[in-house]
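Below is one structure, written out as structure tokens; comments come after it.
Note that the chains are named A, B, C and D in the order they appear, and that numbering of residues resets to 1 at the start of each chain.
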């Protein structure tokens, strides 16, 4: 005997504990199995691109802090990179090293947060979340010591960084580098071999290599599906060609692989940080530019490997002191494009962790 | 380092196939005729040696007289990139063909351009506002929009 | 397998529960001292140094600094109003960076809740009253990093001494 | 010492004194029965209700330590009065009934949630002779009563007219039905070994705690009880990261507090059952028997909490398949083996422990291996095919060469 069942539409969000912000998924479910899903976004739209058209290139930098608020340093780097490419602004070597250190610390912080959220989405009682947040706090302390704030850093400037590192920064960084591997081991103890986590995440939210490429996914989403593509290696910017590091890739493209790629990326970030700590030279940190400088008319696309994927700033200038048009290629936004394909056919519980593994930040999705 | 292809190298190959497609090849940006955009995109994706399989970014720029629709394309196999541009004329909902069937990744980004810039993508299966709400008047990223 | 992974996690949690001290602090009683470069509320402004050039107002992305000046006798300006709107301020620090005469600094405060909106628009009177005692943040002024807060000397004096010691790190070489 | 002796046998002594006092006042037999019954109900209720608020506080402090933070410490010394502050706050909140909800059922559910755990405590022996009613089929009674909770939860979820609640209610019923079966079969071993269905009889039969004799039965029943009391990793009915709060999404204020306390009373009841059946109940040296029972209950409760702090939630279909495909066969094997042991060595000699502990470990490993062989390797994707659903945007053919 088969019972007739009716599909039920569930409004997942916008104020749901595990949608990672004000994000809505309209789920049509047959029992527990999702038959359709429609992402609804835009609740956090602040018109960043429009605002930037009325601000100078320096004033755009604080706007980028508010995009992906879990990794503001990376946003700053991408923004100033586009401006530097457009205006051929040289960057002193020490500033490049500082940028690499900050961007990699930011990647650590972001992946810490994401790993914690993953287990929260799975339903642990915030335990790993607090451990990861503890390490994230230590990294934010380093940021605060350098540039005065923890999250809205605005540290990068076209032509370098705002100001030099304080004296006590490098010793503190050393202490963090010594401690962090053990903390990552702790995270792995709670996740990597936990049978329940494995049962929940393996084979869930599977994305094929072909879909990942055609949909323009980037970052751990792309690498989790087995594509070896990392902007740091494949489109080297800053001084990343000086560092030895590997690109971890997954095999199956499921939630577990994406998590695993992130954990491995944390270890690789530590490797980069060790080398940067070893090699950082003395010297100037900022090319002198006037307060309101002009860039030649033209277009430039600066992209970096942000923690969430390829973060690009497309700048069009008409020769004025403000960008004529600035477009943000937000990795979270484009990665969300495949959410429907990753969740249809799985259960409601799987949709939550799949969304978590996409690692979105609504500040960046809605911009 | 991703090689930014020179449009002059790509344009002749394209002209062989579609003589009227290329309007301008300047620097690394290839400006193509709006009507031929879909064919050009397929050509760029499927031709051996070009292999643009990765749609990196879709956006549009308002130049008052026309809109530039910009596709920043990448090839993960060959590790090169190209700006593909087309122009949409008119202020009353100008239109360009949608590239969703060529690259899946254009789906959300074209919706975003439609939403904020007011360019209709013909053939898009689900073209509706994505960031702003249905019923919002105007398209905020246009230069004549006063918010 | 067979639950050993879960047991490993459980043992980690037990170790943390029994051995680790809390990482958080109880806020109102204990507070973490913000670093010297902390970019906080209640700006520190020295009227004697301000020329009324309004570069800070131009540099502000939000446009929330209001300066009204009157022209003086000897090619100078008197600042009549200097209002900073804390309600819209996002503490990006661009005004401090822009100031050519080192007259404006970020402050060390982070507890600026208030019952009225009007009291969050900080004016000249308030800034002048606070200036002698407030310790300016060393944001964008690394020469102030080592300032001795506990010595009890008036801050402008220390600042002057520090700047004389580090002549070439000041504005001249930026 | 006289006072000590009185304290050791506190519950029977108090009952004797009360009975003497009531009979001395010249009441009829029926009235004496009534008074004694009411006193028992009051005692059991008080015991549970006084145990639960400190437990909420304890769990919050412990989880805070596990998460390297401080925990509630503002109200009273060390925050000890936090439960009272919580209760006061929740009681003063507005009572909201959603307009679409079934009003009567919506209000009934939070009041009924306490019923099953209190009914369970009616047969739990606190001391030799210190039991509310010594039912001679107490085990069957417990199994019957503990499944009542599902009905209450379903009432709450169904009456809320909320889709999350409905999902939670459906999950609660499904998992309870699944886990009743292996848990009940695991209890059969205890009954067979003790030769009695009365809880007092079972406690008296345990010269050595049954957890040592029957570790496998203990494990199965413990997992089953985790599911039945809705604790992590099987708190599917109120999975806050998936269906917000499940069956009590629409409940606020004091009604919500009822569900929260109800969850803890369930936990206390389950721990009492486990302490009685597997940890030899009130038996123990020196301390008075009721203290021994409470100590053993606390050990089980701490274990529940510890598990909750660590493990994530299982998905609903995995909970089901774990029950039917793993626990049920294991419990049947266990019954078979224990039955043989009881027939061959009815006096349960101590050397049985040396057989049963390796047997438990071996049977888990062997069954897991066998299960894997039968099921084949885990699938690369857990996706279910949905007929008629295709993506509206077809995935284009991949371009370029293979990577």
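Everything that follows uses one rule, which is that a contact is a pair of C-beta atoms (placed from the backbone, for glycine too) under 8 Å apart; a residue touches a chain by one contact, two chains touch by 3 or more.
Keep in mind that what you see is a predicted model, and the values were worked out from it rather than measured.
Considering every other chain in turn, the ones in contact with both chain A and chain C prove to be D.
Greatest Cα centroid separation from chain A: this falls to D. Of the two chain pairs examined here, A-B and C-D, it is A-B that is joined by more C-beta pairs in contact. Taking each chain's centre as the average of its CA atoms, chain A and chain B sit 26 Å apart. Our note on geometry: chain B versus chain D, Cα centroid distance of 60 Å, whole angstroms. Distance between chain centres (mean CA atoms), chain B to chain C: 45 Å. Each chain gets one centre point, the mean of its Cα atoms, and the points for chain C and chain D are 55 Å apart. Counting partner chains per residue, chain D has residues 66-69, 309-311, 395-396, 398, 403 touching two or more of them.
Of all residues in chain C, those that touch two or more other chains are 1-2, 6, 9, 12-13, 16, 23. Counting partner chains per residue, chain A has residues 127, 131, 134, 190, 194, 196, 211, 213-214, 227 touching two or more of them. Taken in their complex, chain D has these residues touching chain A: 63, 66-69, 163-164, 166-167, 232-233, 235, 239-244, 308-318, 378-386, 389, 391, 395-396, 398, 403. Those residues of chain C whose C-beta lies close enough to touch chain A in the complex are 1-6, 8-9, 12-13, 16, 23, 34-40, 55, 58-59, 61, 90-94, 97-98, 106, 137, 139-140, 142, 145, 174.
Remark: chain C residues 1-2, 6, 9-10, 12-14, 16-18, 20-24, 26 touch chain D in the complex.
Every residue of chain D that touches chain C in the complex is listed here, in rising order: 62, 64-70, 73, 306-307, 309-311, 364-365, 368. Residues of chain A touching chain C in their complex: 55, 58-59, 61-63, 127, 131, 134, 137, 141, 144-149, 152, 154, 162-164, 166-167, 186, 189-190, 192-196, 198, 288, 291-292.
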